[in-house]
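Note that the chains take the letters A, B and C in the order they are written out, and that residue 1 is the start of every chain.
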Amino acid sequence: MELLRAGLEDPRAWKQAVDAVSSFLPEGVFYFTEEGARLSAIDPSQVVLVDFFAPKNVFTEYETADASIRVPLDLGEYTKILSRASTDDRLLMVLEDVNLFVALERSDGSLRREFYIPLMDVPDRGADISPTGGTVTVRLLARIFKDALKDAVLFSSAAVLVARGDVFMVEAKGQGGTARTVARRGENVSIEGGPEAVSMYSLPFLQNIVRPADPDSFVELSFGSDTPLKVSYAVGGVNLTFYLAHMIL
Amino acid sequence: MELLRAGLEDPRAWKQAVDAVSSFLPEGVFYFTEEGARLSAIDPSQVVLVDFFAPKNVFTEYETADASIRVPLDLGEYTKILSRASTDDRLLMVLEDVNLFVALERSDGSLRREFYIPLMDVPDRGADISPTGGTVTVRLLARIFKDALKDAVLFSSAAVLVARGDVFMVEAKGQGGTARTVARRGENVSIEGGPEAVSMYSLPFLQNIVRPADPDSFVELSFGSDTPLKVSYAVGGVNLTFYLAHMIL
Amino acid sequence: MELLRAGLEDPRAWKQAVDAVSSFLPEGVFYFTEEGARLSAIDPSQVVLVDFFAPKNVFTEYETADASIRVPLDLGEYTKILSRASTDDRLLMVLEDVNLFVALERSDGSLRREFYIPLMDVPDRGADISPTGGTVTVRLLARIFKDALKDAVLFSSAAVLVARGDVFMVEAKGQGGTARTVARRGENVSIEGGPEAVSMYSLPFLQNIVRPADPDSFVELSFGSDTPLKVSYAVGGVNLTFYLAHMIL
């Protein structure tokens, strides 16, 4: 009996978004509801909360046998399968009793690749999303933020984000030197709220969080002074939101 | 005294085919005869028999001082030299007493690179090619077979090849899940013989065997139920044939 | 107080030339004078003397507060910063009391990335450049020399350079075989002096020395029989000269 049937004509966005999530979560539970597919969980180190949401309209086929279908998966194995999808493959997922069936099909029907992965015994981790207390919201080109993080990582494993007036800065200090990116409000950077926000975050986590973002797309950062950071962006039609704990300045 | 003189205007096919052979055989004996150059040997693990044959017409220059010239080489060293050939290099090989002389020459004669490699003391391993008892012959686009092997390797180190009716399948099962490629008879797949063949083979060996095949060319697979597999294809004008032992299902 | 202010509209040549130097020298002292910026030092293994000189006209901005400004740096850290420059970044360096300030600025002023690296306590190593006693000067396309070194490294960690009559050769011998590049005087190779020069040098050092040279540019080699080798070439407007000790033949 089919509990779920979900298809995507172009699996690229789904694949990239799942890949982003799997870099934090070894396993996870997707819930397929009338709104779409959601996965929310805290990473094992309790530093980042991941929220993945693919609205129903992203799918070209979408049927659920119940109001909410639970699909607990080994995200490592699932990602490996998705990594095998070509751009001209149609992706179909069907939930049967104890397996998720995944098919990759060429548009001309000549070739069909089938995968079965067993459902896992994954406990639901409470992942209630609470407001971050962010006082400033910075929206900027992903390329600029990614470059700033690469600069910062030269000298430290932590970066201080600063929003002040017309300026958003990423700073890192270490024994070898100091790196600071100064981005001014303009075409590629908008800053709202204020007057000031200053918080420190782990650089490896920040880099993993923004890795799948298209460099030419925008990412949104919300934070205050000594508060967690909320990062949101879309990959294709899939919305990714991350809440990252701050470090003590 | 020159025992052999063989030249190739474009060394690419020769280079790729020798590279394929050297991934199985650390050393080998080429025989240059009136028909062309052949190397047949069983790999040290006794799992795969390799047959390499470059017909005389592949060469732009070809002279042998005897009916059959034996050239025993360290294939690792020989491959390293060939890897240094550019597309605009002419390749010349001359057998002198105890060395194979290899020259790479630019067409305008401005640059000549010369290599000498000592002949090795390689015993002739009996490599009589015997029929495999294959009951089915599948001819398919190398790209499809390579992709199927990449899918399979996600979950196992062995794959089951199945030919049945209109369908050729590659299957692999492991703890993490199951992968199955289903290719139907059509433009890119032909299936002859039958009614059915099912055998299991080592995935790393299969992947090494087809690595040098151009993805847009065809490879031919002959096998039966619990029989060895014969794989043949051409790289440039060089014919490569592999006989791979099956595993117990 | 600014002791030095030096800017480059296009930092690529500077970046590549510093990178070349840093592969031999973990730390070094730049002297900024009225002529330009120079760094001369012997590598820790005492095998190669490096001379880097960027004439003043390479810079688009150049001001020194004194006749000679000393800038001792950790070249590893400095190279990491330069590696972050994009082609559309303007590079600015300002020497303040104990830090070198480095800025990378987009032409439209929207983005500014700032770095501070502390000055190091680097002793001046005497690096008086003495004539090599080279009797032959070979000028050839960097691509040919780089290819010859790659051939040679297949069989040995040392190469013999030979200039004799119309021919320049690079030779290497090892247990696995022999490699020899024969380049004749012509469009891409000029040979002056003579009648003959034969010396042996370390291949890893030779490869590091020519790595940053554009394959389509020319490098100049001066050497005699059992003498050091002088290698010179330009990267952008920066002149690089290396003096490499010979090995006993």
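The rule is short, and it goes like this: a contact is a pair of C-beta atoms (placed from the backbone, for glycine too) under 8 Å apart; a residue touches a chain by one contact, two chains touch by 3 or more.
Source: prediction; values computed, not measured.
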Exercise. For the two copies chain A and chain C, what is the rotation angle that overlays their Cα atoms, in steps of 5 degrees?
Worked result: 120
For this session: Since chain A and chain B are copies that touch, just let me know if over half of their interface numbering is common to both, same, or not, different.
Result: different
For this session: Averaging only over C-alpha atoms, locate the centres of chain A and chain B and give their separation in whole Å.
Result: 44
Seminar exercise, completed: Multi-partner residues in chain A (2 or more other chains touched) are none
Problem set entry | Residues of chain C defined as touching chain B within the complex | 144, 147-148, 150-151, 154, 176-184, 186-189
For this session: Show which residues of chain A lie in contact with chain B when the two form their complex.
Result: 74, 77, 80-81, 84, 109-118
